[in-house]
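Should a chain be cited, it is by its letter among A, B and C, assigned in written order, with residues numbered from 1 in that chain.
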Amino acid sequence: MMRSDLSGHLTEVQPSPGRQTLIECREVKKRFRYATKGSFLAVDGVSLSIKRGELLAVIGESGSGKTTLAKIMAGLIQPTSGRVFFEGKPITSLDRRERLNFSRKVQYIPQYPDLALDPSWYIYDSIAEPLRIHRMSSSREEELKIVRSVSARFGLSLDQLRRKPRDVSGGELQRAVLARSMALNPEVLIADEPTSMLDPSTQARIVRLILDAQRELGFAVLFVTHDLQLARVISDSVCVMLGGKIIEFGSAQEIFSSPLHPYTSSLFSGSTFAGETKDNAACPFYSQCNLRAEICCNSTPPEFNIGRFRGVRCWNLGQPH
Amino acid sequence: MGSLIEFVDLKVIFHMGGMQVVALRGVDLDLRRGEVLGVLGESGSGKTVLIHAAFRLLPENAKVSGKILYQGKDLLSMDRRRAMRLIGQNFSLIPQGFGALNPFLKSWLQISERPMEHFGVGKEEGHRRAEFLLGTMGINQPSRTANSYRHQLSGGMLQRVLVAMGASGPSQVVFLDEPTKGLDEGMKRLVVSLLKKARERSDAMMVVSHDLGFLEEVSDRICVMYCGDILEVSKVREFFVSPRHPYSSALLNSLPSRGLKPIEGEIPSMVSPPDGCRFSPRCRQRDARCANKRPPMKAVDDVMVRCFKYA
Amino acid sequence: MKSVYSPTKLETAGITAVFAVITMVAISFFPEGWFASTSSPMPYSPPSSTNLLGTNDIGDDVLRVLLMGSRVSLFIGFLGAIVSTVIGTLVGIFAGFMGGIVDEVLGSFTDLFLVVPALPLMIVMAAYLGQSFLNVVLVIGLLWWPTTARLVRARARQIRGSQFVEGLFGIGAGKLYVVIRHVLPNVWGVVLARFVLAVSSSILLEAGLSFIGLGDPQNPSWGMMLHFAMTRGALLHGAWWTFVPPGICISLTSLGFILLGMGMESRYRSRTRSIGEIG
């Protein structure tokens, strides 16, 4: 795989099989039930793994289940079926110590920063809290030092930390949330649109910071984003979600240069138009696809693998074989 | 061209304990009849505070001076009850954060709250309208979304609920605070077309966004803010072709498509901001004057710029 | 940051009333000669310069009894409020936070107490437990918590479902930790407002219980004064000075606390109210 180095040239990224898988989910499904009636299948049989040193971007339209998947991977919500593995062990069967270890090494950055911190706490305390829970600092002074240095990296000064969340701007809060999850030196960062509230310059700065830290410490990043430009520039591999399924995945270069699934192409050309999806069609893109055939409506396309690290769920690609 | 809302030397200072945060440092800006004004700027530069000042939503520790003239009347010095009524009937707001949504109310109720309160729309009509609005914004199952609570919706859906809240009633002026965050390209285009439609119904709009592509598409003029100051106000074409202020061009260069190059230097602290031109410590074209004096706002062929380069 | 506290008119009235009672309590600790004379042990003598509020059936100075009574009434008021608020908060937090079966059990328990008519039950209990002022506190405490519990539960549930709590579990926080460090500070506003309201209700309930003779005669409260006035013929004597002052005191005190509590509640609500709700 290649990733375009930001300075311009391409750098060789280790081929994936050689690297250690940190987090993996197999066939996870999540069905939300409503109190009144009915239910909604938000994630529908997703298998995914993130390896050390890899930046995996998850893209896809709104409501396609990206956040739900990210939360399942971070162990925040239980999947209805399927399992999540951390360093080879299912996270439901971790013992106390391992569980604590998991919660330190895997950090989730939530999508909406304005609901992510306790409104009655000072931001400083919220950032220091993970350090306190995991006893990462021996004294208050050390804690102050860590918090100060990690927030300075995100462009926050101590006076901004001495406020409650409602007294800072949206972007400042988002940076505080980022600082909080980076304070623990995680190994896996599951970031759900971590730069949605930042101006381009600050966004560039934060993204570079994550990339640098990744290069230095080799952690794995799952990056949910709507910004295709950004995904193209920063990611090693990409998966595209639609209707709770991963309909295409592969290395970033391949996906962006030659998308195979009709949905992916229309996403890149900017021509997707969320219309009425026919709920009972097997392929979630059925109603908008101009290559649709009878089979697309009746049976779910399986994952057709192309090469070692490329998969597409579309009958058009599978039929010839 | 008449200006609909005029901010005159608006200063907002937050007092917190011993500290002062100068969030707006004397802002002069007019929102003209029939236009869409795009506002962009550094994170924490005072965009939201500017909007909240017009809605009189600032917290009690904010000291506000200056004027906000609407139809010739100053919203700030007006009696609070009267101001709130005037604001409620004529302005609408798409807030920045999802915290603005009440977790206990279904989303349709919040979308139709303003029409129900100020324009005598009935409950059923309100529900119907909310669903319709959500439908026009590309939500697949509008009735499910309309009947969901905050925690049951995805980020993009919540964002569209917020947009629907701003679009639900007739209003003369619409303020949008980052209406496209968390939306994919398709949705963004829907919001663009919605704005274009809403534009015919309302007299002016002010759109705050970090998404430059979006701003380029919807706005007529662009206003650039940095650290409580307005640095540049110009026509949208001009701005994207030849930005005048050094900050503007640096900002354009930090887009992912142009290489993801952040502006060098530290993000300034609002508590102890740099003297003189706030951008000067990070500016490549600074000279001796910049660090000492606040540059005046200067008109350079139709563009207002606050930089000594043009003084 | 704290903003300058600027009370509304009603709150000012409430605060004034509350301060007045506290002053009364303070005066009651002064040496006796300061505020009442003990020189004329004439029963039912009307207000005069020696006995500002006259004397009662056994020739005690009414002002003195009134001041002593303020201590008892306020003490019981606070104690009852503390007991009921503590129970209500604990039940509410656990029900709201744990959810599931705990919530259901505690919820139906709370509802049970809510539908039981409080006053009759209280009378039965007080009669059964006997006339001691601790019993009065207990009865008030045990019967006044359900509303508090309901309110706290609603808030705790909201917090439980909120994103930051989800995140806290994600970074390895335990349940108890979250309850103590995050849920409690966030329900604090509700609890405080409910506490102030509970003081008012306890004072009223205590007065009611004492009035019908279930109070503690050793430590006569304002309600007890009314009770004595009723049972010992003050009404027949037309000795209005023995029952009007305690009546006024009870009304004003509870009104004061109610105003204060309501002010706090609405203040709290408007603080947690979101900007989406502006009209």
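Assume a residue touches a chain if its C-beta (ideal position, glycine included) is under 8 Å from a C-beta of that chain, and two chains touch if they have at least 3 such contacts.
Note that the structure is predicted; figures quoted are calculated from it, not measured.
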Practice problem: Specify the contact topology among the chains shown, as one of line, ring, star, complete or other. | Solution: complete
Practice problem: Compare the CA centroid of chain C with every other chain's and tell me the farthest one. | Solution: A
Quiz item: What are the two chains with the most C-beta pairs touching?
Solution: A-B
Quiz item: Cα centroid separation between chain A and chain B, in whole Å?
Solution: 28
Quiz item: How many angstrom between the C-alpha centroids of chain C and chain B?
Solution: 48
Quiz prompt | Distance between chain centroids, defined by C-alpha means - chain A, chain C (Å) | solution = 52
Self-check item: chain C residues counted as touching two or more neighbouring chains
Solution: 1, 162-163
Exercise. Would you give the residues of chain B that are in contact with at least 2 other chains, written as numbers and ranges?
Key: 14, 16, 59, 99
Practice problem: Hunt down the residues of chain A that sit against at least two other chains at once, touch-wise. | Solution: 112, 115, 163, 167
Self-check item: chain B residues touching chain A - in the complex, by the definition given at the top
Solution: 14, 16, 19, 40-44, 48-49, 59, 96-99, 138-140, 144, 147, 152, 154-160, 178, 181-187, 189-190, 210, 212, 250-252, 254-257, 259-263, 266-267, 269-271
Quiz item: Tell me, which parts of chain B touch chain C in their complex?
Solution: 14-17, 52, 55, 57, 59-61, 84, 87-88, 93, 95, 99-104, 110, 113-114, 117-118, 151, 162, 165
Quiz prompt | In the complex with chain B, residue positions of chain A that touch it | solution = 6, 32, 34, 36, 38, 40, 59-63, 66-67, 111-112, 114-115, 155, 157, 159-160, 163, 166-172, 174-175, 192-193, 196-205, 207-208, 226-230, 232-234, 267, 270-277
Quiz item: In their complex, what parts of chain A are in touch with chain C?
Solution: 71, 74-77, 99-100, 103-104, 107-108, 110, 112, 115-121, 129-130, 133-134, 163-164, 167, 184
Quiz item: What does chain C use to touch chain B in their complex?
Solution: 1, 3-4, 158, 161-163, 274-279
